[in-house]
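Notes follow once the structure below has been shown.
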Amino acid sequence: MKNWIRSVALATAVASLAAPALADDDTFKVGMVTYLTGDWGYPGTSTKRSFEIAAEMKGTVLGKKIEPVIVDAQNPNNQVAEAQRLMAQGIKFYIQGYNLVPVPLARYVVDNGGLMADGTSWFPDLTEEGGYQNYFMFMPSWKDFSKTLVDYSLKFGKDNLGKDPKDLKIALIGNPIMSYVGDEAARILEEKGIPAAIHETYGNDIADFTPLITKMKEANIDIVIPYQLGSDAELYRRQAAGLQETPPILLAAGVGYDQPEFANMGDAALGSMSLSYTVPEMKEASAPGLKEFKERYKAKYGELPVTHGLQTFATAMAFFEMVEKAGSFDIDKVRQTMETIEIPRGQLPNYWGVKFDEKHNNTLANPLIIGQWIPGPDGKPVYKVVYPAELAVADPIIPYFKKH
Amino acid sequence: MLMSINNLDARVERLPVLKGVSLEVEEGRITVIVGANGSGKSTLLRTIVGLNPASGGSIRFKGEEIQNRPAYEIAALGISLVPEGRRLFSEMTVSENLEMGAYLCRHDKAKVRANLDRVYELFPVLKEHRDRKAKTFSGGQQQMITLGRGLMSSPKLLMIDELSLGLAPKVISEILEKIVVLNKQGMSIYLVEQNVKQALRIADYGYVLDNGRVAMKGTAHALLNDENVQKTYLGL
Amino acid sequence: MHRNLARPVGIAIIVGLIGVLLTLPLFPSPSTTYFMGLILQVMLFVYLAQAWNLAGGLAGLFSLGHSAYFGIGAYAYAVGVAKYGLPPLACFAIGLFLSAVLAVITGLISTRLSGMFFAMVTLGLNEILLNLASQLTWLTKGDAGTYLRKQFTISFTTAYWVFFGLCIAAFVLMALIRHSKLGTLCVAIKENEAFSRAIGVNTGLWKIVILLISAAMVSIGGGFFAMYQGIVAPTMVFSFSISIKMLIVTMIGGMGTVFGPLAGAVLIVFDELVRAWLGSSFGGVSLVAYGTILVICVLFLPKGIMERLRPASREASS
Amino acid sequence: MSINMAKSQPMLEVVGLGKTFGGLAANADVSFSVARGSISGLIGPNGAGKSTLFKTILGVHRPDTGRIMLDGQDITQASQQSRCRSGLCCTFQISESFTEMDVRESAMVAAYCRTSRRSEARSIADAILTDLGLAARAGRRNSELNAFERKKAELATALATRPKLLLLDELFAGCSLGEISELIDILGRLNQRDGITLIIVEHVLHVIMSMSDQVIVLESGRIIETGTPEQVSTSPAVLKAYLGEDYNVDEHQQFRRPG
Amino acid sequence: MTPQIIITLLLNGLFTGAIYGLFASGLTFQLGSLSIANFGYGSWLILAMYTTFFALKIWNVPLAFVVLVLPVIYFAAGYVIRNRLLVGGSLNVQILSTIGIAMIVDGLIILFYSPAPRTLGIIEPLIEIAPGIRIGAIRLTVFILAAVLLVLFQLFLQRSHLGKVIRAVVLEKETAMLMGINSERIIGIAFGISFVLIAISGIMLIHLFPVTTSAGSSYQLMSFLIATIAGLGNMRGAFYAGLAIGVLNAFLLYFAASFVTVVIFSLFVVVLILRSGRTAGMRHI
């Protein structure tokens, strides 16, 4: 008997402790569900910190102090449960966190009367389907990303290698997490009649690139387009440098190539370029707020934010401004304001502007940016933005590898 | 009195197997326990050496209570059990098996040396093949290895469980002879056997175990000649 | 504890629990929604754990790759409706068929391998499916996931009722099976396979049968999970952590017992709560707390919670 | 002989059975037959190949050579469960039962070999438990029984398969005299009343000698003698190999044969 | 495809495989010889990698110090885990408690080291062993070290007194107690030694590969795979199985990079089924 009573008592105690706290009306609460642990805890943590800095820098909206409420989703299957917990606290406004499968979260928030500003996802599913009226995508989709990747590659091949696109040997290699970018790029190349010489998506737990590198060396590749995300980028560059693989052009897709570890890699990093939505290293003068953001971040955490951090920061700042413009915390008013507002390019910390189309895609979400690791004053690699001209802080060196 | 057991109870998997066993082992003698399969003989030995918990009663070895102490402590007191079914370190060589037997006196190299010589003297065949793996030997030779292993720690009491198990009668006699030799050298021996007659012939004193209880006891000679014992318990 | 009291108290608790679960959605508010969300998570894993319990707990088929069936069910539904435009029922049927194929293969393997080796093979099979799901991008869209348009999804409340129903069904099924021929034979196989064979039990057949039932349940769960989440990505379904959660919940509750998975659900609640309290401020703390609780549970309740709740009279009588 | 063993077909016929494990012949050229309704004893020193023979007949091992006929049917390649269905069952040694199941359920597992209906299986089990005097223990877990009850429970489980031929492995080990008599009574009843043919593998020789119609002696994997208890106990080969030179036949006559 | 490429792939596969063999050897020993199914193996491995990274890069501790101290700490951890938490537990208990411990370890990594991926970022110098055939110096070193280490470990088990005692306890735990050996303590020590292998593997691995918080599970899976293919408890077999998988991996990466895992795990399943007759006779877990 006692055992039953004890377990029931325990269950009741646990349940009562879980009861969410009631909403506090003095602050403007903005929720975020992001990965803080698990596979992608690191970019998720940068997202969290950047959001907090945005709240701190902006301070108040309509006289209320901004209070970020950030929870750990750990994995895709937990995100809705976390969102429910935040909704139960009466939080209606959300900034998307770092999230590899963001659909269930965004959908749940919007379907249940919340509003979400998404500045880190690049999955077009929700906006393509349309009808999610409280969901605003600040980013362009990865389809644009793949297209830009191919366009730049062909441009560099023509301008810098002097080769006709038809003669270019292009290799696409990467991991399954980014394979949609690689596959789309391969498709575009195919469409243009320049099929990729090598297109390989290896497993997530790859430990050795030598066979792939050997294969690429053998095929005499002109342009390598890696679509890598995490530590595999670092491992690949390191092993490629060891094996003296020197493609004339290396243009990476995304964030694998601007990670701080590359600064310590010396020659292995030098010359590699990567295409990103936005990077903290772009010309600070063109992006108001960027400098301050970086300084604050550095002061607080001893390192610079990653791309997703800046993206989140910019989105949060834009969103705060929009709420302020709406003049109310009413969901419908905020939505209407967001639908009509236009922030021209060059006014946000990530340089982009904001103007939503009818499906809530941001039409001013560009340009995409290319950065390159080039030798710094002490010979160590530094990451500099080289394209487009208005954001560049250094000139590109193409082809880089052939010089060495 | 080397060892005295008083009213010992023990269970195996919650089943009572020993029910108030009392017996004594005298120094320098060969004491035999006989009884049918399943009468509790092996459990008694396992309980003495601490491999099976005692649920009641006491075991005194040289005046000290030893029941329910861990097996390795009991071994250190000088009780050596040659277990049923030989239980050799089958993948190890003869000399390694003997080395393990000398674990307790591993720091006294001279003593190990002396014990080793004694074992090899007793069983010359082991010396000849000391670098062969134990599992490659015949049943009788394996039993010699276990006996030798049991002697390596210079125990005060050597307990042997089912010495004759699976051995040809000729081999059994051979090994029993060695036991007599050991006893003559002063070793106290405590033998548990199914092969009643042969065992009682070499023993000084005997106990008959039946269904977890001591059913009879007496000098080996008396037990051998007791008609009742013969009829009831010793009919193999 | 008196044996004659244990049963009515147990029944009262279960009836009360069902009552709470039934009435909760009648009072919509943000905080009931939160509780419903929590309960939904719990119900999902209690349901999956009960399915695992059929094979793992009852028949001793210690599978570490049950998420394979979950993934098959989820992908059959998602790919079926999103890529091929099939009716949902047909998708479920395909999922069940594919799961059945895998279950038969696994069952055949279990006649040759047992214990650790069987566990490793199931783990390996799941790993194969995980990699196929992420590499066959033409079919699954890889790691980005197969997206489901709104008409193919179910709302949160519907999902709540679906999993409530599935849970009840799973418990009824378990209770029925436990005391049927199948259940008796499965327990016999778990306890002593050699002896079972000697007294005429066709062990291979019954292992396959129980695996088929278990796989079918997990597969159906996967299909509804896909409906509820609205997107299926490889790591969401073919995940070792899902398999592990199924067996952790079962083992903490009590393997092979009807209500084990329900008792083990305490752990999921605990996990959710710890992450809720500490997750955002200290990323690792929730993991440390969860791990600690798990170790403590195992140390003090090695045979599960149900073992403790069972009447203790038997021990004394013998 | 208590049962007319005359001309009927043998219940079990083993012809030229051989089984080798890693080069070691556990059984070689073993041939014998067991008459319908008889009791046979299988004896031999440890390691003589008794348990290999036992397991080969049951279908745990497949023999390398030879064949096994059960009631005129060749079962050499049959699976264990189909042998059981054909009427062959066994009891193992004590540790081999379902420890966490209750006694009735264990017997029901076996009864499902004959029926798929739960109620029927239950009544088969209950009838046998009552017959063996275990009805009061039906709801207990096997692990809660004492050694003798466990033996009887296992016997009940084997009987629930409704065997024609029952192999008993060391059933008497560890039993007191009273318990041995009770078991002998039960076995006699099964043999006489139900006509179950029995093969007893045993260490307790006096039981074998007093009960059996036929004794088979194994040594080093081969049969060295087959015959009535009297014949076997006077056979020089047996005496030499197994019983020892000084074996006294009279010691084994204190138990009366059943029936 | 030139002979040089074939040889390069082969050598490269062998060297990478040696690393697999090394980090699987500890698990093989735990699983096969000590009958402990350690589902926290991968987590302990990455903890060693993280710790080495922090020691070398952040705390500026010399490598020699790490090599001396980390194995000692790991030995203690292994001993305590075996003899305080796992002692006397069934397979179920082992699985759950090692998973629990793994969670704690993962949590501590995130808490103290942050979830950021870490790398020593060493670019391997190449050694030209034949015209056109170059191999990585670190890999070569690790290959040699791994081989030496495993040979030493074998020698330790075969020749040293403690090694013999461990073997005796592994073979006959109860009987060993009759010799006066405290078997539980010895198993604890042996488990501690297997943790030393983990620590050393971790120290070596971080010199070649980056580490992430999720890397543990793939190391764990690979170790299980190698241990089972090699036959539980067979450490030399594990080394060879590691080499075989390394070579297979290299050629698969060259020809069908997408399906490396699928092919390797399919082979694993097939091998296990084919060997089932033999596995049945192995030490039961």
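So that you can tell them apart, the chains are marked A, B, C, D and E in the order they are listed, and the count of residues begins at 1 in each.
By definition in this document, a residue touches a chain if its C-beta (ideal position, glycine included) is under 8 Å from a C-beta of that chain, and two chains touch if they have at least 3 such contacts.
This structure is a prediction, so every number in the text was calculated from the model and none was measured.
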Which chains contact both chain B and chain C?
D, E
Compute the shortest path length in steps from chain D to chain E over the network of touching chains.
2
Starting from the defined contact criterion, work out which chains touch chain A and chain C both, please.
E
Go through B-E and B-D and name the pair with more C-beta contacts between its chains.
B-E
Between chain A and chain D, what is the gap in Å from one C-alpha centre to the other?
74
When the centre of a chain is set as the mean of its C-alpha atoms, what distance in Å lies between chain C and chain D?
44
Centre-to-centre distance between chain E and chain C (centres being mean Cα positions), rounded to whole Å:
31
Among the residues of chain D, pick out those that touch two or more other chains and give their numbers.
99, 144, 146
Junction residues of chain C - those touching two or more other chains:
131, 135, 283-284, 286-287, 318
Can you tell me which residues of chain E touch two or more of the remaining chains?
106-107, 110, 115, 258, 261
Go through the chains and record each pair that touches.
A-C, A-E, B-D, B-E, C-D, C-E
Residue ranges of chain E in contact with chain C within the complex
31, 37, 85, 89-93, 95-97, 99-112, 115, 217, 221, 224-225, 228, 232, 258-259, 261-262, 265-266, 268-269, 272-273, 276, 279, 284-285
Complex contact set, residues of chain C against chain E
62, 109, 112-113, 115-117, 120-121, 123-125, 127-128, 131-132, 135, 240, 244, 247-248, 251-252, 255, 282-295, 297-299, 302
Chain C residues within the chain D interface of the complex
179-181, 184-185, 187-188, 191-192, 194-203, 314, 317-318
Chain B-touching residues of chain D, taken from the complex the two chains share
45-47, 99, 143-144, 146-147, 150, 170, 173-177, 203-206, 243-244, 246, 251-252, 254
The answer for chain E against chain B in the complex is residues 161, 164-165, 167-168, 171-172, 174-183
